[in-house]
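We call the chains A, B, C and D, going by the order they appear; numbering starts again at 1 in every chain.
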Amino acid sequence: LLRDRPASTAAMLGAFGDEALLRAALAFEAALSRAEADERLIPESAAALIIETCNSAPFDVAELAADSAFAGTLAIALVRRLRAAVGARDAAAAALVHLGATSQDLADSALMLQAKAGAQLIVAEGRALAQGLEGLSQAYAGTPALGRTLLQPALPITFGLKAVNWLLGIDAGLRRFERECDTALMLQLGGATGSLQGLSFAVVERVAAQLSLAVPTAAWFARRDGIAGLAASLAILTGAAGKIARDLSLLAQGEVAEAFEPRIEGRGGSSAMAHKRNPTGCQVALSAALRAPGLAASILAGLPQEHERGVGGWQAEAPSLAALFELAHGALAAMREVIDGLEIDTTAMHRNLQAADVGEDTGHCAALVRRALDRYRAGH
Amino acid sequence: LLRDRPASTAAMLGAFGDEALLRAALAFEAALSRAEADERLIPESAAALIIETCNSAPFDVAELAADSAFAGTLAIALVRRLRAAVGARDAAAAALVHLGATSQDLADSALMLQAKAGAQLIVAEGRALAQGLEGLSQAYAGTPALGRTLLQPALPITFGLKAVNWLLGIDAGLRRFERECDTALMLQLGGATGSLQGLSFAVVERVAAQLSLAVPTAAWFARRDGIAGLAASLAILTGAAGKIARDLSLLAQGEVAEAFEPRIEGRGGSSAMAHKRNPTGCQVALSAALRAPGLAASILAGLPQEHERGVGGWQAEAPSLAALFELAHGALAAMREVIDGLEIDTTAMHRNLQAADVGEDTGHCAALVRRALDRYRAGH
Amino acid sequence: LLRDRPASTAAMLGAFGDEALLRAALAFEAALSRAEADERLIPESAAALIIETCNSAPFDVAELAADSAFAGTLAIALVRRLRAAVGARDAAAAALVHLGATSQDLADSALMLQAKAGAQLIVAEGRALAQGLEGLSQAYAGTPALGRTLLQPALPITFGLKAVNWLLGIDAGLRRFERECDTALMLQLGGATGSLQGLSFAVVERVAAQLSLAVPTAAWFARRDGIAGLAASLAILTGAAGKIARDLSLLAQGEVAEAFEPRIEGRGGSSAMAHKRNPTGCQVALSAALRAPGLAASILAGLPQEHERGVGGWQAEAPSLAALFELAHGALAAMREVIDGLEIDTTAMHRNLQAADVGEDTGHCAALVRRALDRYRAGH
Amino acid sequence: LLRDRPASTAAMLGAFGDEALLRAALAFEAALSRAEADERLIPESAAALIIETCNSAPFDVAELAADSAFAGTLAIALVRRLRAAVGARDAAAAALVHLGATSQDLADSALMLQAKAGAQLIVAEGRALAQGLEGLSQAYAGTPALGRTLLQPALPITFGLKAVNWLLGIDAGLRRFERECDTALMLQLGGATGSLQGLSFAVVERVAAQLSLAVPTAAWFARRDGIAGLAASLAILTGAAGKIARDLSLLAQGEVAEAFEPRIEGRGGSSAMAHKRNPTGCQVALSAALRAPGLAASILAGLPQEHERGVGGWQAEAPSLAALFELAHGALAAMREVIDGLEIDTTAMHRNLQAADVGEDTGHCAALVRRALDRYRAGH
């Protein structure tokens, strides 16, 4: 918590926390039983009892975690408990818990339910950040500033051109992420090897409908491009937030002093220097942008999984994917707060531009900003 | 060459080779001059001379490489030579070479021209592989085989279900790659800081049209999500090929012996054991799938580039992106050859299935294969 | 917890948990005050009160985490609380808490204290695994088995040669890790910019002695090769455990059936198939080996940190380093348990060897195993 | 060439080029025959003919590359040609070429010979850079400068403290690299499965002695920690060069203007702005530091290779390892040139320090520099 919390948000840590995972896993089991009863694979009474148990039975997360570690999967540990709780009231129904499903059905579907909740947070925060950037771009569309290339003074730009490029980066990142969600946020349900032995496609459709997840063409146990696409798109989105942070941390340097994170009492202080005002939001986004690529690479590296369900590959994905959601949301939230309260010193911008002695011709910057904003707005 | 050639194809190494890069760079300069003349920014005669020089002047690649290393960019070295060659016939025209453009305009546009050529190779090879997988899926839709999970015998499947999952992986990978190409394969043209100072948006549109590249909303010098999206999608596609190779290398094990790479005289031999038949195609695809994630991560890590054009970040991308194209094509081509000539031993499949003693109920496999093929075909 | 626990051990999760971090941070503050009193920089009475507060004051981890996220660092949040608790009894002493130190002094030193505890767990587990592998190598030094290359039958080996290569990999990995610990497990203490302003080198030496950490030549705030070396060596060690898991998961395949993880009631079961016995230990190690490289790469990517103390770089390291310790320990512990109870079927080995029809000449395998064991033992 | 040359040096590209690889492979074959004759495994006359052929036969690199790609390994293609050339003069001797060796013996040994040559270049360049940094540290040990943390003005340091930290980073990186070379630069010779069938340990020792490579305890075909250690240490060393580049690129900003790369006619120019002076050396090192982590991760990800010799894993290493040598040397050479001619503006340092209004107390900086230099010198 002490190390994860500063890098993310309470909301996203919650979405990928133990309670949420447990709820998602139980929702999967409940939906499965409901669908199996609807398809007459199990008695209605058994389904009702299983669903009631899923909704009400208390589970100790620490015990479940230790058991999962021992058994090798959460499903084994959780299903055993569910069966015991159901069996205490109806021995026959106990055997119908998790009927036809396999551990990875539960693990992947629960992960997708968490990802779906996480995706809503990402999009909401990302769109709020984009709105801030849109305002910034428009307000400073014509404000001259020094353009810098290879960290050297180059030719003039307007500050709005810088801001609209941030916007285009975030917008493109959100679109890519949403496209990936469209194809990736699917139910997983195939049974041991994906053959749906003992199940039927109608069960798959009913479970998917209940959980509001897409229906897969076939089980994707060892076909992980959806997960990989999510991971990569989160890393790219995080990088787009990191780009804003990179620029702002450079603009906030003492010698440049063109833009500053908002002054928030108690934030950005130094434990050694009372006078100091650290770019804490930028730090969060830059940290996230450093960590995300390696996490995405881990998931990409796991793509060639063995046969119908691999050994080690899919088990490695959930922690990395959760971390990517957490970092992306942390970075977006940090930048949104920064952009919403950004302090801009146009006098310093003018001073630095003059000192660079590169003239004041900002070329077509203002027109480019308008053009970019028009296109951005047309896309929504 | 000795180390790169076995991992890729001659065609893709050519598309990202020195000659292709030089041609692409010269095509950019020629198109720029043409557009500037059409927009009356430079005289028609100067444009004609510059274009003629681009088309005919001989350049020594080794010298250019050494000069580029010294100067810091290819553009400096190339433009200097172009100006000298033009200037020998018309001193005034020499100053109009590369007018208004910056080094990264040339570097990025040339990279995108190479990427466009590379993308055509990727899609052609990927579609050919998909066609082979489609045939395989259909032919073996109902052929019983042992399903294996965590590398252990599990429940029966059909071989067609395995094959159609390979197909879905390749198809999804190709679609993602094509989507990324749609947004990424853009012209770069912004001048020193993206302000189009001394240029105009009409010039941008004319150059893009000549080079058949998309028109950017604004210069994307430090907004690299397009490049990152290409890189990630190539890594995912390579992973989909690696998945096929993983399964086939496991199926070809002596004790399993269910499927084999085609026998090709002189390929897959061993320098130590004359009797041996190595899965050479699988080796190529698995190697590629190991290398691709790190290369993609390098590009993701470079996203937070500094200000209007960064220092080090964009310069790091081209070699990694070229390697990703080369590896993806190498992996797809290797798998296409393997799938087209795949030897399948259904007797061994039956024997292994019986030995596992898990019954012969293949569940809904055949129906799932048909369903997947219908969807796949409907998408094309 | 539900996702982290199966990938690691309770002991290592504890070593890098919130409580351990808090204890380490307070130990740093207590040692600093002790040293400053010994060097007459602060009154003895103030030191005594600060130390007592560090030892006894209750801190709510969830509150601290939220505050750290807000303030930007744990140090700010923790020192504020410490000062309040001390100040309640002696207002003057409150100002002497954390005197001369900066946030990163606390963060890095606490991380190193956790790493030191983690390193002991790693070495203990690794040595226990090595001992098991030594026994295995010796017992099967001359047992013929099929050697396999490119997943194809090749020439005979002995099973002991396979085992001794596992041993050499683990031993080399442990040696590298221990070498990296020798140089990396250092105190961090430099004050705001490493100048030791307001402190002295004697204070550094005294704090280091109290915490049993090495004395740094100079503060290493933005010189992170030690952290990077730790990270890389943990990834390599994890890979050595993954290599054992790769081989064992392949040997345990139904068609090969030469070696099996120990039968442990309740472990390795399947939620779908009662007959199944999954290689759960191998799964843990293979997952770890997939995740470790990307985590190490994240730390390597952060090396070029800015100026005296960077923005984003060092903040990104601790979660990745903690994960690397957790994964390495999880992988080693899983493999130790597997190796200690490994079931080996020499009849199957013989059968597979005969079926491959490659003769029975195991060459110099037995002598190579003896040679390797002699060298291994001589090194300890 | 056009893309690789600016990122490295002609010397290192040569060390890992096709000609060097071919020479190394032929040196291995010649040494093997010599050793086999000395151990009476083949006739002296056959060895003499094979060695003469290795030394004199012409090989076309492009043909060899195409053949290697087709056959799956360089060894097959090269040995076939060698046998043909030898067989043209002595049919019996042809069969004795490569006797007892396998493809990976040749591939790994050749890679280690190239790595050995590359290591000498790395150490020479790294030591030259260290010497420059030593001088810089000493010269500016007491020169006040602004210390910056989180890219904000913090407390004063001396410029020598910054420089000596660069030195400590490079020195630590070189020491780690040299340690890894000590264990990794080994001969590979085990025959098909490492059993030395048909060979003997005496042959291994004789070949190692001829090639000046260390003698392996046993063949390390699927035990790749040495390669991984080399890769990681090169990435860390590259990061240490990148750290210098990060700081210098920040110090060279127009608004900071404290230090500059040397003015070299024709280097660091801009194709768009004649007035501009780009930090070209820093760009090379920062690019290298971005690319190295992903390349190292690729090699780490390949550690769990299959059985006696894996499929895909070891084949993926050589291109990544070569690239790491090339990038490390490029980064060190770029920084050496920059440091040797570094322009330092102490007036600007003073001005920026005053503007930050943080006093002029540089604490123990000068003493820390002396202490660090003493330790550094004592270690050599």
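Going forward, a residue touches a chain if its C-beta (ideal position, glycine included) is under 8 Å from a C-beta of that chain, and two chains touch if they have at least 3 such contacts.
Owing to the predicted nature of the structure, the values given are computational and were not obtained by experimental measurement.
Enquirer: Counting C-beta pairs in contact, does A-D beat B-D or the other way around?
Expert: Higher contact count goes to B-D.
Enquirer: Considering only mean CA positions as chain centres, point out the chain farthest from chain D.
Expert: A
Enquirer: Suppose each chain is reduced to the average of its Cα coordinates; what separation in Å results between chain A and chain D?
Expert: That pair's centroid distance is 37 Å.
Enquirer: When the C-alpha atoms of chain B and chain D are each averaged to a single point, how far apart are the two points in Å?
Expert: Taking the average C-alpha coordinate of chain B and of chain D, the gap between them is 27 Å.
Enquirer: Going by the touch rule set out above, which residues of chain B reach two or more other chains?
Expert: Counting only residues that touch two or more other chains, chain B contributes 102, 148-151, 154-155, 191-192, 245, 249-250, 270, 272-273, 278-279, 283, 286, 289-290, 293-294, 296-298, 301, 311.
Enquirer: Which residues of chain D touch chain C in their complex?
Expert: 102, 147-151, 154-158, 161-162, 164-165, 168-169, 172-173, 176, 179, 183, 191-201, 217-218, 220-226, 228-229, 232-233, 235-236, 239-240, 242-243, 245-247, 250, 286, 289-290, 292-294, 296-298, 300-301, 303-311, 361-365, 367-368, 371-372, 375
Enquirer: Would you mind writing out the residues of chain D in touch with chain A in their complex?
Expert: Within the complex, chain D contacts chain A at residues 146, 148-155, 249-250, 252-256, 270, 272-273, 275-279, 283, 293-294, 297, 301, 352, 355-356, 358.
Enquirer: Within the complex, which stretch of chain D touches chain B?
Expert: Residues 1-7, 10, 18, 21-22, 61-62, 64-66, 68-76, 79, 98, 100-103, 106, 191-192, 245, 249, 266-273, 278-280, 282-291, 293-298, 301-302, 311-313, 315-316, 318-320, 322-323 of chain D touch chain B in their complex.
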